[in-house]
Amino acid sequence: MDPPNRTPNGTPTRRSSAMPIVTIQQGPRDTELKRDLVKRVTDAFVDAYKIPAETVQVWIHEVPADSWGAAGTLTADK
Amino acid sequence: MDPPNRTPNGTPTRRSSAMPIVTIQQGPRDTELKRDLVKRVTDAFVDAYKIPAETVQVWIHEVPADSWGAAGTLTADK
Amino acid sequence: MDPPNRTPNGTPTRRSSAMPIVTIQQGPRDTELKRDLVKRVTDAFVDAYKIPAETVQVWIHEVPADSWGAAGTLTADK
Amino acid sequence: MDPPNRTPNGTPTRRSSAMPIVTIQQGPRDTELKRDLVKRVTDAFVDAYKIPAETVQVWIHEVPADSWGAAGTLTADK
Amino acid sequence: MDPPNRTPNGTPTRRSSAMPIVTIQQGPRDTELKRDLVKRVTDAFVDAYKIPAETVQVWIHEVPADSWGAAGTLTADK
Amino acid sequence: MDPPNRTPNGTPTRRSSAMPIVTIQQGPRDTELKRDLVKRVTDAFVDAYKIPAETVQVWIHEVPADSWGAAGTLTADK
């Protein structure tokens, strides 16, 4: 029913097999920054995989500074 | 120590090898809806895999509308 | 562009705000069992949230028995 | 060593508070495509958040067609 | 039905409210190393949260070197 | 540029190939407990995998009691 897409090497692929889910773990950021990021990350998939933007979903999980850390130390304590 | 369960084709399987974790990413919803969903998703595993309900865990991560999107656009902007 | 859906309490909601992603962590299982599970889990969302089945994605991550465990012991060693 | 970044409201922020983790769920693809994607997704963060590329990690989880689906149907069956 | 546990400050807590799920993303490693890790990570929860080891699940997702990277470069290319 | 690390069996390994990401799903807990946990979990990796603490990231996703459950019942209802 969907028109077939084509991968970069020319093989046709069905739209249903190209629905990447992107999950981002990060500290809290402003909506404006997230809006820009979601657009740019989606474009990255469109450009690299030649898939329609509508097939890409981006989910941002914002984690407060007292709930994540590197090197054994909470970010809140750095 | 646990009584063996049986898979649909009759092979015994130990309880310890049947503990699926379900993680759901969604927009925020009312507790009543989530209560119903957790019950129904758990039943889906019990019915499909023939495993005890107690072995199934469901985790819902609610993501606000300004933190996820499809087609390059935040859901908050749609 | 999409027809509005309605939540159980009658409020219209846009299709774009109802796209849950389900991620399942489990040991390896046969395709037939996964086929049944994906159908049943999707139905659970349709029934609990009154959203169209097409908005639900289910991703199963199968983890071998030497890569997960409970109580501090690999499942492969149980 | 790194120049401090500034958040939208002008507060300087340390490198340690800017380490996003990107996890992608997708069907299997060629290394060449993944190489291109990882570069482009990282650039998306550098451009949107003004953070150094070294702080961005991208993890791709490839899921076979018989382990994920939309609309209640395995991708393998479409 | 379960005996109540006690949090470090003495408040009783039910076993059902203390079931952390640990998901690890890493490159492939030997079973022996993973066995040791799962034990040590579980002990970390037992010691920090004073919860029974049986309530802790650890899932390791091994990602090949051509499917993850930092700084925009696949690990396979480093 | 980084000094090579060595795996337990003596093979040198580059730092870039040893950057595990730990994601924890749990109910809400006090900062003090999370601080202790992040340290102990990081130590678990240092001890089991012989990798530098700086390569380990820990992310805690706290899920409220009305958003997760086992055995088909929300933790909030137990």
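The letters A, B, C, D, E and F name the chains in turn, as written, and every chain counts its residues from 1.
Simple rule for what comes next: a contact is a pair of C-beta atoms (placed from the backbone, for glycine too) under 8 Å apart; a residue touches a chain by one contact, two chains touch by 3 or more.
Just so it is clear, the structure is predicted and the values come from calculations on it, not from any experiment.
Participant: I need the common contact partners of subunit B and subunit F, sorted by label.
Facilitator: The shared contacts of subunit B and subunit F, listed by label, come to A, E.
Participant: Starting at subunit C, figure out the least number of steps needed to reach subunit F through touching chains.
Facilitator: Graph distance in the chain contact network comes out at 2.
Participant: Using the touch rule from the top, work out which pair, D-F or E-F, shares more C-beta pairs.
Facilitator: E-F
Participant: Of the pairs D-F, A-B or B-E, which one shares over half of its contact pairs with B-F?
Facilitator: When the residue numbers line up for over half the pairs, the pair is A-B.
Participant: With centres defined as the mean C-alpha position, give me the subunit A-subunit C separation in Å.
Facilitator: Result: the chain centres lie 19 Å from each other.
Participant: Please tell me the distance, in whole Å, between the geometric centres of subunit A and subunit E computed from their C-alpha atoms.
Facilitator: 25
Participant: If I count partner chains per residue in subunit C, which residues reach a count of at least 2?
Facilitator: 19, 21, 23, 25, 43, 57, 59, 61, 70
Participant: Considering every pair of chains, which are in touch?
Facilitator: Pairs satisfying the touch definition: A-B, A-C, A-D, A-F, B-C, B-E, B-F, C-D, C-E, D-E, D-F, E-F.
Participant: Per the contact definition, I'd like the list of subunit E residues that touch subunit D in the complex.
Facilitator: Touching subunit D: residues 25, 61, 63, 66-74, 76-77 of subunit E.
Participant: Can you list the residues on subunit B that touch subunit E in the complex?
Facilitator: Within the complex, subunit B contacts subunit E at residues 19, 21, 57, 59.
Participant: What residues of subunit F sit close enough to touch subunit E in their complex?
Facilitator: Counting only subunit F, the residues touching subunit E are 8, 14, 16-27, 29, 33, 36-37, 40-41, 43-45, 47-49, 65, 70, 75, 78.
Participant: Write out the stretch or stretches of subunit C touching subunit D in their complex.
Facilitator: 23, 31, 34-35, 38-39, 42-43, 53-54, 56-62
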